[in-house]
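Provided herewith is a single structure, encoded as structure tokens, for subsequent inquiry.
Chains: A, B, C, D and E, in written order; residue numbering restarts at 1 for each.
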Amino acid sequence: MFKTLIKPTLILGTIGLISSLTLSYINKLTKPEIEKRLQKKKDEAYAAVLPQQLGYIIVEKDKRVLIDGQEFVYTRAEKKDGERNINAYAFEIAKRGYSGLIRSIVAVDENMKILGLSIIQQTETPGLGARVKEMISKETFFSHFFGNAAETAEQNAQSWFEQQFIGLDCTKQIGILKKGEFSTASEEYKKELLEKNSVSAITGATITTKAVIDSIAEGIEKLKKAIDQEKHSQNAIHKEGKTP
Amino acid sequence: MELKALFTIIISTVFINNYVLSQLLGLCPFCGVSKKISSAIGMGFAVIFVMTMASFITYLVYKYLLIPYEIVYLRTLTFILIIASLVQLVEMIIEKFSPPLYQALGIFLPLITTNCAILGVTVLNIESGFVTAEFGLVKTVVQGLGAGIGFLLALLLMAGIRERLELADVPENLKGLPITFVVAGLLALAFLGFAGMKI
Amino acid sequence: MKIFELIKNGIWHRNPVLIIGIGLCPTLAVTTSVSNALWMTVAAMFVLVGSNILVSSIKRIVPPHIRIPIFITIIASFVIIVELLLKAYQPEVDKALGIFIPLIVVNCIILGRAEEFAYKNSILDSLFDGIGMGLGLGFALTLLAFVREILGANKLFGYTFIPGMEPSLMMIMAPGAFFTLAFILWAMNAIKSKQKK
Amino acid sequence: MAEDINTQHTERTQKTSKMQLVLSVPPHVRDSQSVTYIMWCVVISLLPAAGYSCYLYGLKAAKLLIASTISAIIAEAAYQMLMKKKITAHDGSAAITGLLLAMNVPPHAPVWMVCIGSAFAIIIAKQLFGGIGFNIFNPALAARAFLMASWPVHMTTAWHQFNPGNILAKDIANIANLPPTAFDAITSATPLACLKSAPQIIADYGASAEAVLQTLLSNTMLKSLFIGSVGGCLGETSALFLLIGATFLFIKRIISWHIPITYILTVAIFMGIYYALRPLPGAESIDHFLPRMVLFHILSGGLILGAFFMATDMVTSPVTHIGMIIYAIGCGVIASIIRLWGGYPEGVSYSILLMNAIVPLIDRYIKPKVFGTLKRTTGE
Amino acid sequence: MFFSRFIAGFKGGIHPPENKFYSEGKKFSYLPIPHVCYVPLQQHIGKPARPIVEVGQAVEEGQLIGEADGFISANVHSPVPGKVIDIVHHPTVFSPKSLCIVIETEGAFTSSQQSRVPSSWESFSRDELIASIKEAGIVGLGGAAFPTHVKLSPPATKPIDTLIVNGAECEPYLTVDDMLMQTFPHEIIEGIRIAMKTLGVERAIIGVEDNKPDAIRALRKVLLETNAPTITLVSLKTKYPQGAEKQLIKALLRREVPSGGLPMDVGVVVQNVGTIYAIREAVLYKKPLYERFITISGPIVKNPGNYKVRFGTKISDIIDEIGGLLDEPVKVIMGGPMCGIALDTLEIPVVKGTSGVLFFGKNKIESENFLTCIRCGRCVAACPAGLLPCDISILVEKNLTDALAMYHLFDCIMCGSCSFVCPSKRPISHFIKLGQQRLKSASTRMT
């Protein structure tokens, strides 16, 4: 009895206990670090879509509301423009692209003009859809390891694909142009895009491009509803406040 | 919850994101047990069964044990132990109540413990966000089932092809594993036809 | 001398991936780039060496009929440690390797070595066996990743390899993984059969 | 085997001295069609369509066709030489593979790409399995899938810019008075891609759904699809010329009706049912919408090319007639599913590839009925 | 009640070039008696006959020289009057060394001009009929040479209801049966009635392929004249192997002889028209089977035609008698080109089962290099037995005997249709024969 049942159980239990204890210790050690990083990542994403130079300050972070039975998370920021408080919103939205969800954070101002867009998760085809995160760089393996460092281009936090969304008007349909890569340097190109309220698709990855555009539209719809809800509830509070 | 969502999950796991051919999970049994159609069928059904059960149990454990007690970091350890004991249990039960089924599935069950597709599906269930989704349990189980069916499909195709390759003039050094991977590569290419499918 | 033997064994004669043909999933899935392959090697080697040492040191008190659950528990614990460490200090790597870090648990190489080697050998030997096998896995992973990253993305360590070349995207997708491994195994078989002659 | 046959007769004394009689096992007469003959017949049957594509797309198309065919033959010869096998590169099967591959790429695909594709087809999809007769997957289609996965941009965008002066696209009349930009978008994409992206054309160019459908299903469009004056892969533009080649193969009894007809019928029925249940927006305004839509699906894309020339590849299709019918139904269903819901506008090549994978199972379980028995299967 | 139908009949089959024009419509001529005959004691399926003459003994035409030995065996008679000069091993179509009685022609043809007064067979009992058939040494002339008296006396457990007369003659080149039906329609109908009485059946069906309109017309005329309602004539679609008995039964009666079974399992006996003719001769005139009609044909034969030949006549003698060849023979086939056997020497004698001899010159030789199977499925479509010839041939080629067991190899009728259609020129039916041998030896090893 002891040999066949109790001893093994004891040993197994002991080992399980030891490992759990060890793991919980390591967990304790790493947990703050992990959380810090997660937070930092999120902050970075927000910082990317609501750059400091715009002057917005986040006032309500990660508000959760139910829109059409689904959870919607958004963040409100404000900046003072003389008397008036100007609002800006950032929200997270996801939509299926070519292969899997594309998750992005979008920031818009009160007039639903895009302030910034950052794609935080995607599993599109490398070399095609995955180019939404492509940085423009002329560096090669040889130049990096064997060449002179001068060629190394300065790194942008945003990809060219993300950058071209800035300034587009979300109250209107965002169009797709197929004109090859949008270059951050080309003023004319930028102007044409703004004029047509369009973005330039990644060659051969219209599906991905479209998914991002569609997700923005969907997010804006939800955001509008969320803002409405907020107003309603504020009104309700006001009313409640008045009645007594 | 519409049935369509479940249908989507099934189609997605069986064809679009087939575990073996596009996620590259469960390759060892895929190569090891695909020599004969009969054993492929046995292994395939054993995997379907265990995947579905494991999805079900790990979901409950995760949602009602690991999360409340804030020990989600023990996920990997818990899941693998659950799978191992589940396989043991299933083996014993089948042996006791259905000797013929045990004859058919028995030899495959121990292999399944170390099949990364099983652990993979349980982990991916969690990462798909089903824990917070409505009807998460149903979706989880369906995803487990779909992944199993996808595995069976890939295994069956491979077994059929390999039986035929027995008769082919494959270069000597390419026989066995290497040609199996060539076939797997071509199969994966064919399955790309489902890529980007919207249901 | 024995140490040298053990390491050579792991890398060549009994290379877990190329000769024995186990641990295939991570080999194929994470070898889209050399840096992924290297990180995977580091993670797997950590678990391999750790579990080998631990199993070897407690082999006397482990009753044979419950050894497998015990091995699994030990291995899983090491895997969780790696998981947590990577999440904390190398989050980018954690994201790139994704589900394949927890899946180290079921990697047949590790359980196989615990069972086949560490359970029967001294601590020191087990340590070097772990290192040898880890290097063997690393060799296979790096070889695959090297080919796939260059052909499939025209990159090496994330930097453009030959400017202007149009890479074959297939090589970093699933089919490319299968084809590359097939060709490497073919070459291995050819070398082996030549040596036999 | 020859020794075997001879040993049975060695004991015989050779009385008539100068005469040397040749021994052979019965039957002593053989059908005149050899593998080489069959293969070159298929090449010939593809020539009308290939020639027509040269007329449409000019020198570029001719270069692609020739480069692809030659590199397939060279790849076969080179591999066989390297592996010290008997060289059979002249038997025409490699030529078919190369030719069909070229017919499956857009007219403006780069030449280097089809050459790599041909080499892939011959070496990886065919020779590694042991050469002709042993391959599981249709080499040309495997190579097409490889090119699709490797250089999707070249494979999905290099459609247009016709040879100036040919009849292309001029035939299609803008009967629905579409805005010129929208009309251009329609006539310069492949018809199937156009159908798939119709909602977008509608949104982008402000065309009405009806007008787009009317254009796509107009008599002139259907006629152009049949004769071949709309864009597409090199070999899939002209149904007419493909059918001429296919008729030749039928007459020569090289292909039978089972696969092509079943395949096309399946697509027709599937599409018929689908559009009957869910007509497209704007369909009400078109008379005979359903038959037109079905015809549109049959004539556009690679269905005719695939059904008559690629699904019929004997090596990669079942050996029994019932097996062939099952295989063709599978092809039809998968092609329709990909066309309707898939990521690509066209599903013919993937449908055939996927069914190729099932052929060993079909051949194993679908066997002819043995004379004098009640069972159909001889195995298990 | 007679009617004619066009029936496709059975599944599979092929359409080889018929090439019957060489000898089609050529009236029978009688070959001169050979100087020396090599009469094999084995001219049929079953045990060889036992020789009952000695060297030096004089024999008459039609004299019994070999006695049936056992149940399945047949008598052998001397085809010529003369002297037994030797009993030796000599090559025949059955084996390279087969016991033959060598007879040198000598003396008068007394017995061949035996009383040509027909006996009235109607008064014979069934046993008497069978006895006279057995006495005459009749075997199937359709190819397999199975002793006819055995076939016509089926066990009581197998009731027979139909006699099928096989006038299909589906092999290319051969025209004897065609000519026989054209020349002797009355005799054949009478022979059928004798055979029907022997079997005790009420119904007989003659199956003739529709490429023999003259034969059909001739038989039909006689049937009308004699008003024999129990005998019907059916015109069959021309397709090889329409004449194979299982396929013929299926085509005419829609009955399938079970796998491994015999025609009598479905109540049928099949006899070739030549056999029927020989039965009549034997019953009416007591004439033993020592000569038959054969087709001599082929592109290099000067005078192709249909000839009456004595058994034991060597091929080399035939060549001289019919006026020689146009060219050096390169391939000589005994039988039809589909099932016949290629000979390596011209010394081989004509036997009871010989329906024809074909001569081919140089341009006939094809390199017999076969290629890998391209899985075109033509053999599967052609196989009348419903087998998978392609798979079988590969398994035999790769020496995988175990896997063969479930491929029904023994249902193959060796018609060669599969080999005919194969574009890779694979000798499939030969592979199947090898496979059968391997399976047999494997199963004997087991026991």
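Convention: contacts are C-beta pairs under 8 Å (C-beta built on N, C-alpha and C of every residue); 3 or more make two chains touch, one makes a residue touch a chain.
Computed from a predicted model, the values in this text were never measured in an experiment.
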item	value
Count of contact steps on the shortest path from chain B to chain D	1
Chain whose mean Cα position lies farthest from chain D	E
Farthest chain relative to chain B (centres taken as mean CA coordinates)	E
Best-connected chain pair, where connection means C-beta pairs in contact	D-E
Chain at the geometric heart of the assembly (C-alpha centres)	D
Centroid distance [mean C-alpha coordinates] between chain B and chain A, Å	32
Chain A and chain D: spacing of chain centres that average the CA atoms, whole Å	44
Interchain centroid distance [CA atoms averaged], chain C/chain E, Å	71
Euclidean distance of C-alpha centroids - chain B vs chain E, Å	62
Shared interface positions of chain D, touching two or more other chains	124, 130-131, 134, 146, 149, 152, 343
Multi-partner residues of chain A (at least 2 other chains)	19, 23, 27, 98, 125, 128, 207
Contacts with two or more other chains, residues of chain C listed in rising order	69, 73, 76-77, 80, 84, 167, 169-170, 173, 175, 179
Topology of the chain contact graph, where touching chains are joined (line, ring, star, complete, other)	other
Pairs of chains found to touch, sorted by chain label	A-B, A-C, A-D, B-C, B-D, B-E, C-D, D-E
Chain E partner contacts - residues on chain B that touch it in the complex	167, 169
Parts of chain B lying in touch with chain D, wherever the complex brings them together	37, 156-157, 160-161, 163-165, 167-171, 174, 179, 182-183, 185-187, 189-199
Residue ranges of chain C in contact with chain D within the complex	166-171, 173, 175, 179
Complex contact set, residues of chain C against chain B	21-25, 28-29, 68-69, 72-73, 76-77, 79-80, 83-84, 99, 102-103, 105-108, 111, 170, 173-179, 181-183, 185-186, 189-190, 193
Contact footprint of chain B on chain E as seen in their complex	372, 394-395, 398, 400
